[in-house]
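In what follows, structures are represented as structure tokens.
Here chain A shows up in two complexes: once beside chain B, once beside chain C.
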Partner chain A sequence: MLRVTLTADSLLADLQTAARIASSRSAVQALSGVLVSAAGDYLELQATDMEVSLRVRLSASVEEPGEVVLPARLLLDIVRSLPGASVTLAERSDHHDVEIASGNAVFAVRTLRRDDFPRLPEPPTGGVQLAAQAFVDTIARVARSASRDDTRPVLTGIMVHASGGELRMVATDSYRLSVKTTALDEAVSDSFEANVPARALQELSRIVAQSEADHVTIGRLENQVVFAVHGAGGPATISSRLIDGQFPSYQQLLPESVEHELRVDREELVSVTRRISLLAQKNAPLRLAFAEGQLQVSAQTPDIGEAHETLPVPFHGEAFEIGFNPEFFRDGLESVDSPEVLLRLTSPLRPGLIESADESGFVYLVMPIRLGT
Partner chain B sequence: MRLIVARCEITYSGRLSTFLPMGVRLVMIKADGSVQVHSDGGGSKAKPQNWMTPPTAIEIEGDPPERIEVRKLNGSELLEVAIEEVLADISHEADLAIPLEKDGVERDLQELLAERPVHCGEGFRLVRREWPTDIGPVDLMCRDDADGWIAVEIKRIGTIEAVEQLARYLERIRIDPAMADCRGVLVAQTIKPQARTLAGARGIACVEVSLEELRGTREPELKLFAA
Partner chain C sequence: MIAHLDIDAFYASVELQRHPEARGLPLVVAGSGPRAVVTTASYEARRYGIESAMPAARARMLCPQAIFLAPDFAAYRAKSREVWEIVRRRFAVVGQVGIDEAYLDLSDVERPLPALRAVVAEVHEKTGLVVSVGVGPSRLVAKTASAEFKPAAFVAMGREQASAHFAAHPARTLQGVGPKTAERLTGIGIRTIGELQVAPAELLAGRFGERQARLLRARAHFHDDSPVETERIAKSRSSEVTFPRDVSDRSELEATMIDLARELADGLRTRALRARTVAVKIRLDDWTTVTRARTLACFVDDAATIGGTALELLRAYAPARPVRLLGVRVAAFEDEHAPAPVEGQLALPV
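Up next is the complex of A and B:
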């Protein structure tokens, strides 16, 4: 029968991640819970929504080993509000509950059915090892382009490709496409390619940031991918179902040549875009009008108002105007990690490219919006 | 139709018991004997808080009304409205129900897609609308550039049931050796993720279409690739 004591802060940090992963809408009640198990000198939390799963270990003083399933949201709310620095969890099997005690506060929370909680994948043995920071930086560059539309499952993932000394991630929602290629300090032992749900990778990013891990190990099961993070707090494993289906052939979408290539200060263009986008409401486009030596960014929302701002850019040639979804255009600019961006454009109905100007391997392709007169 | 806006409390007994404490509400008494109680909320459901369908017996006490009792004639349901203050009380003779003229129903989609079958798939040309099978007609029968047969089922919302329906049609159509390779395409304004998954497993293609784009009232959105 489980009896364990640990610091409330460390439990809270990992419970926040576990509660995000625990299912909020499953018919199986145990899936809304977190499996708390204690053994040796650690406590392990497990949570899953049957798509993404988490196992995370944290140091604890274990008086008696055991495992129980507790409602994740409630447990999180309790731990967040505890008055003391440490917390003790003690199972009371005759009451079918767990007593949570901290300071003078005592809670008794009913357990959920252990048998209904699935067995989650173990941390990978072997697998591909990658520098954690490079991995999460690459996720951050492309994640915004992944679709949130569940009717197109294949586009809700990030295509991860690691081979030799190169890591590449690609995401697209059919309106924009992000590709980030990162050079690795150490070549990977085996190549790896899989379409991983963006949500799983974003959770992995949070865990890496929280644990300050050096490396991420990637293992692949039949239709699952398992990431192991060895951080300061304790090992964590996040596993995810892989997405079936043919990922779009993105290479052929990237234009080989363009009509106009402009080097622009990223921060300035981001600021202008943010300001002017305030008047691009109700699906109104952000308009970019290029003329000799200048770019006018403007937006107009009927019955609301309009805005425009001009900035100098090294544009030469025949003037033209192109429209973009303001959010998509801003996402592209914000995903660039260099002081300058390269805007590569051809015509008002051809996709525009936003690239990092420092050859750091980031490309963002965004489809324009047709502009009325 | 009588519309009474009143500060009232409402008690219902019958299939269950409910109580609405004192508050301002609209009590709608229609000529067909139905009674509805509306609050100023309800959001997307747009449903009355209390209601009684006809046939009913309605007793209104007082002028201005102080109490309304609505009793179901063929049951034991009772709706009682105790009125503290009447804020408005108007009666009008309203027209009887005329069927709604619906736009954007399956029929409209089918007509538009029959005129422009390429929206169902590249190179599609129409062979016939309402292609008969022995278990019912499939919406469109088309052929593609390679003269292959394609059965197209059209729905406003593509569900698992629509996939199953098309799979049944295909089973019957393919009995004819000349159409043994007939493919299936489910076309809808929205296709549910479960339907898409099942369609994939059944080898049926899914295509989402926009009524506005089919009618030419909206330009199609520019995409990097057909998704």
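Up next is the complex of A and C:
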């Protein structure tokens, strides 16, 4: 008969993550719940949508151990609005509910069926250990390129590859492709490669940010991957089904050589792109016209208007114009964090590359839009 | 701030464009069956006492010389699309509530009144239709104002101004007070909005119950906090505050920022939205206005992340003068799917 007291703030922080992971549209009601269990001196929250799962522990004063499933969203809303600094959860089995008390406020919330809630994988013992900050920074650089189109599941993942002193992540939605290679301070003990749903990695990023953990431990169980972090609050794991199917072999997609390689001030190109993109509405492309010593960025939307701006760039050779989806182009520029970017281009119908100019190992490939006249 | 836009005598105006010979004459758009009602009447016809929803037979009696036309809804829908398309190009948040009316949320529009005048002018120029505009702190004030001053209304009102201005109007003028409620109000001697404003709470509660009594009183005083509902997802959400006096104290600014972030996060959660871009808006006492934005690696809806990012942006800017207004905004929502492939977009062979 669960009875436990803890600080409302710490519960709130982890419930937010749990409520996001809990399924919002499953036929099984228990999947919209969070499994709350108390044992020893901690409370554990578990949530899953059968693809991505979360287990997180936080310290609590446990009077009686036990476990219950409560509706995640409602529990979150309640905890967020509690008047007191601490909260007590007490199961009342004769009522099939849990009393949530804080200050003078008391809620009694019906529990969901425990039996319908699946057993989640235990945190792995052993596994590959990586610096947490390097890991989430790498996610941040490629996540935008992952596809959100569920009809191509293999592209909704981020390919994570760690071996030796190197971590690499790759994502593509077929219109752009991001590759970030990060040098690790400590070499990994074992190599690791998997196509992980981008969603799981984004949730992991949040947990790391919240927990200020130093390390992420990655373990594999059959078709599952489990990320464990040990932060200030307590241990947390995100596990996820791995994505089936062959991830595109990205090396073959990156051009080996290009015709033009231009070093451009990133900030300047980003602001020009932002400004001119205002007139690239209704799917109109952003046009980049290169000529001796200069780049003209322009856009026009029928019935709306047009805009252009010229900036000096070290371009030599035969002039040409290439079109890009403005958002894709800007995403690439914004994912670079060096003061200068390398624009590497060949011709109007060949992929464009945006790379960091400081050899920090970031490459963003963006496919052009075929321009009319 | 909210604007209510209403196309004047919409169906009749469209018909007048198609039948210019009827210009200046009373025109009634109504079905032809025995139970048909008046869909709309031109202002000329309204002078004869003809109103929308009146039985068509009665309208014929009131004004036998009026021109009666059968409604052509396909034409009205096409024209309506033209109008709201023009409005949408200029304003991000458009909550259309009917074929001929919509609400705009103006909280993020820098100079709302000139922008509204411009859109009214553009609509008139391109479609020949006249839009009435009411602006106020709520939907209720905006709508009541546009209805009161139409046709060709362009009026902005505060809440108190509205309470005073409409005090002598029948209670029915208030949105949410239908014929039944009006009748029951009359039963306890309340006919006007002003009478409703000062009606004793017990009297109202006795007739309508606590809850509805409170709502009625609030409405009578033009209190209304319903947001503009958009049929499309808004592109961004923000919350901001203008300080009663300019603030230099950093800790006060930061505490305010945290509050704004919390308010915003609550709003996101109730709408089940997550956003990836967090921006702050800072207006100094000399009206210098800056915005700073950051796009995060993942979608967020929690006050801690939004507030933390907003604080970092505020600290990085470090306002050099007292601050007049502080705001935080989120954009780039998760539900906005990746842009559909554009014509001519080349793809990798994956």
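We adopt the following convention: the second predicted complex is superposed on the first by the 373 of 373 C-alpha atoms of A that agree within 3 Å, B and C clash if a C-alpha of one lies under 4 Å from a C-alpha of the other, contacts with A are read in each partner's own complex, and residues count from 1 in each chain.
As a working rule, a contact is a pair of C-beta atoms (placed from the backbone, for glycine too) under 8 Å apart; a residue touches a chain by one contact, two chains touch by 3 or more.
Because the structure is a prediction, the values reported are computed rather than measured.
**Q** Identify whether chain B and chain C fit side by side or clash on chain A in the overlaid structures.
**A** clash
**Q** By the touch definition at the top of the document, which applies to A:Arg287: first (chain B), second (chain C), both, or neither?
**A** A:Arg287 sits against neither chain B nor chain C.
**Q** Return first, second, both or neither, reflecting whether A:Ile139 touches chain B, chain C, both chains, or no partner chain.
**A** Touch partner of A:Ile139: chain C, not chain B.
**Q** Where does A:Asp150 make contact in the superposed view: on chain B (first), on chain C (second), on both, or on neither?
**A** first
**Q** According to the stated criteria, A:Glu334 is in contact with first (chain B), second (chain C), both, or neither; which is it?
**A** In the superposition, A:Glu334 touches chain C alone.
**Q** Is A:Leu253 in contact with chain B, with chain C, with both, or with neither (first, second, both, neither)?
**A** A:Leu253: touches chain B and chain C.
**Q** A:Leu177 in the overlay: touching chain B, chain C, both, or neither? Say first, second, both or neither.
**A** both
**Q** Which partner does A:Arg57 reach: the first (chain B), the second (chain C), both, or neither?
**A** neither
**Q** After lining up the shared chain so the two structures overlap, which partner does A:Arg370 touch, if you call chain B first and chain C second: first, second, both or neither?
**A** both
**Q** Would you tell me the residues on chain A in contact with chain B in one complex that are also in contact with chain C in the other?
**A** On chain A, the overlap between the chain B and chain C contacts is residues 155, 172, 174-175, 177, 248, 253, 349, 351, 365, 367-370.
**Q** For chain B, which residues count as touching chain A in their complex?
**A** Result: residues 190-193, 196-197, 200, 208, 219, 221-225, 227 of chain B touch chain A.
**Q** Using the touch definition up top, name the residues of chain C that touch chain A in the complex.
**A** Against chain A, chain C makes touches at 89, 266, 269, 272, 274, 295-302, 304-305, 337-350.
**Q** Using the touch definition up top, name the residues of chain A that touch chain B in the complex.
**A** 150-153, 155, 172, 174-177, 245, 248, 253, 349, 351, 365, 367-370
**Q** Quick one: in the complex, what on chain A touches chain C?
**A** Spelled out, the residues of chain A in touch with chain C are 13, 16, 20, 24, 77, 80, 136, 139-140, 143, 147-149, 155, 172-175, 177, 202-203, 205-206, 209-210, 248, 253, 283, 285, 304, 323, 325, 327, 334, 349, 351, 365, 367-372.
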